[in-house]
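Sending over a structure as structure tokens; questions will come in a sec.
When the chains are written out, they are named A, B, C and D in that same order, and each has its own residue count from 1.
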Amino acid sequence: MPDLKPADPDFEQRVRRVFATQGFMRTLGVELVEILPGRIAMRVPYSDGLNQHHGYFHGGVIGTLADNACGGAAGTLVAPDRLVLTVEYKLNFIAPADGAAIVARGRVVKSGRTLTICAADIFSEKDGAETLVATALATMMSLPGPGAS
Amino acid sequence: MPDLKPADPDFEQRVRRVFATQGFMRTLGVELVEILPGRIAMRVPYSDGLNQHHGYFHGGVIGTLADNACGGAAGTLVAPDRLVLTVEYKLNFIAPADGAAIVARGRVVKSGRTLTICAADIFSEKDGAETLVATALATMMSLPGPGAS
Amino acid sequence: MPDLKPADPDFEQRVRRVFATQGFMRTLGVELVEILPGRIAMRVPYSDGLNQHHGYFHGGVIGTLADNACGGAAGTLVAPDRLVLTVEYKLNFIAPADGAAIVARGRVVKSGRTLTICAADIFSEKDGAETLVATALATMMSLPGPGAS
Amino acid sequence: MPDLKPADPDFEQRVRRVFATQGFMRTLGVELVEILPGRIAMRVPYSDGLNQHHGYFHGGVIGTLADNACGGAAGTLVAPDRLVLTVEYKLNFIAPADGAAIVARGRVVKSGRTLTICAADIFSEKDGAETLVATALATMMSLPGPGAS
């Protein structure tokens, strides 16, 4: 199991603060629904402005959540004077994302000094059940710098 | 070199039509700037609603363009009765995406019967110059179905 | 949870047979240590012919096991008249692979008609403990054809 | 275009030396055929010990070359007191690797202080022609330490 000890006791407020300053999160209507050491969940309700040509959530929304869920999970563990950048991620689409909302759950797989490996699963909510619609594997990097995630 | 022969002479109109029905493209303000056999370019001007916490383009916007540019490039080659889905993509971020706009250029690397391998480079426009900010490698799948991408 | 129902009751023998005809598995000295529906484990003991310049297992051995573990996991579920090919995989290295052996554990994340998404974790064995040294996410494709993987 | 200025004038000898100490390269029979700033090519002739169940080059050989070609390309640019590790790579298989040999050509896409993004194309040689059989996108990391690549 990865080391999930946050270097910053106020990690939740810090992650929320970074999240709140991302204009794109507001554009998408994303809300943070869980912030734990090495784990994060975020959710976005469906709207027509987020869809693709079949009326499902656009893959770009799913990719954005996957990326941010990995960044957020890594961000919970870093020191308050470090920031987290996405080096790269790989995303597999698994099922059409139809439903009332999608939820992304990110987790730290391995926390290193410079690099942190994270994974994220994205689910669609439909009729009270969750369906896995995508899964991602990502590399995050922490750098000196105020603010984070 | 990949086979760049479109199976549909009206590929440009078809790709534009699919694109126009994606609500998320309108939300982002993406415009198609080039559509050629096996190649596509799309552009999105900066706005605060697309940024992350340092005021650059959010990675999610870049990922969305990478994904759509690969889908669009593959879409130029398929028959009119087939649609293109993204199986997966991998995206490396290379530089901060500051600038007045970003442009994604997608291309088909290998066109197969079922699967098409595509790549995309994403550039930021700043002071008249383009800087590579991300690069992606993707797998697209074509399926029977009206409309396409 | 993925559908783990094998389409071939003799999946174990079939997977072992395919494995046995891969010259590269013999060159590496890989042995199959577990074959279950949607899951497989394979192991390779250390030898100098498998190392890199620090005396650890070469990344290429790890990548080979990751790829084959995903193929093997997918192969347990397909019909006897279908074969499995790797479309693509992405591998993150997590820790140096020093130890007496490495073990790769592959699993099916989502089994589809044509494509199957798999994941693999690779561990090094050292002093009786397992350490995660790499993790992979892969796309496999099944095609008509005798024999499989 | 990436910065291709080697930090070490003796980069070729250093890369060859690191390569020569990798037991796995000898096991595969890989030879370095070109070493330029930010570019490398390596080649491996076919043998039954490298094949998979259809008699083609095993994907693991292709993955190994892709990984090493990216590492070697990055290694040409680093200072003599730094070593290069693979953080992760993603590999797409494009065509069956039948032929008398395969050649991997790696190149630096972006050289950074800590991370270097590389790409590799792998070709099979058959009847005097080269066919693209796989393409990879990778993240390499340089660290302080003697020896390299």
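Definition applied: contacts are C-beta pairs under 8 Å (C-beta built on N, C-alpha and C of every residue); 3 or more make two chains touch, one makes a residue touch a chain.
These numbers come from a predicted model, not from an experiment.
Farthest from chain C in terms of Cα centroid separation is B. Counting C-beta pairs in contact, the pair that comes out ahead of the other among A-C and B-C is A-C. Chain geometry summary: the mean Cα position of chain C and that of chain D are 22 Å apart. Taking each chain's centre as the mean of its C-alpha atoms, chain A lies 28 Å from chain C. Taking each chain's centre as the average of its CA atoms, chain B and chain C sit 33 Å apart. Counting partner chains per residue, chain D shows two or more touched chains at residues 87-88, 90, 92, 139. Chain A contributes residues 18, 21-28, 47-53, 58-61, 63-65, 67-68, 85-93, 147, 149 to its touches with chain B in the complex. Chain A contributes residues 87-88, 90, 114-115, 139, 141 to its touches with chain D in the complex.
Those residues of chain D that touch chain B in the shared complex are 90, 92, 94-95, 109-110, 117, 119, 132, 135-137, 139.
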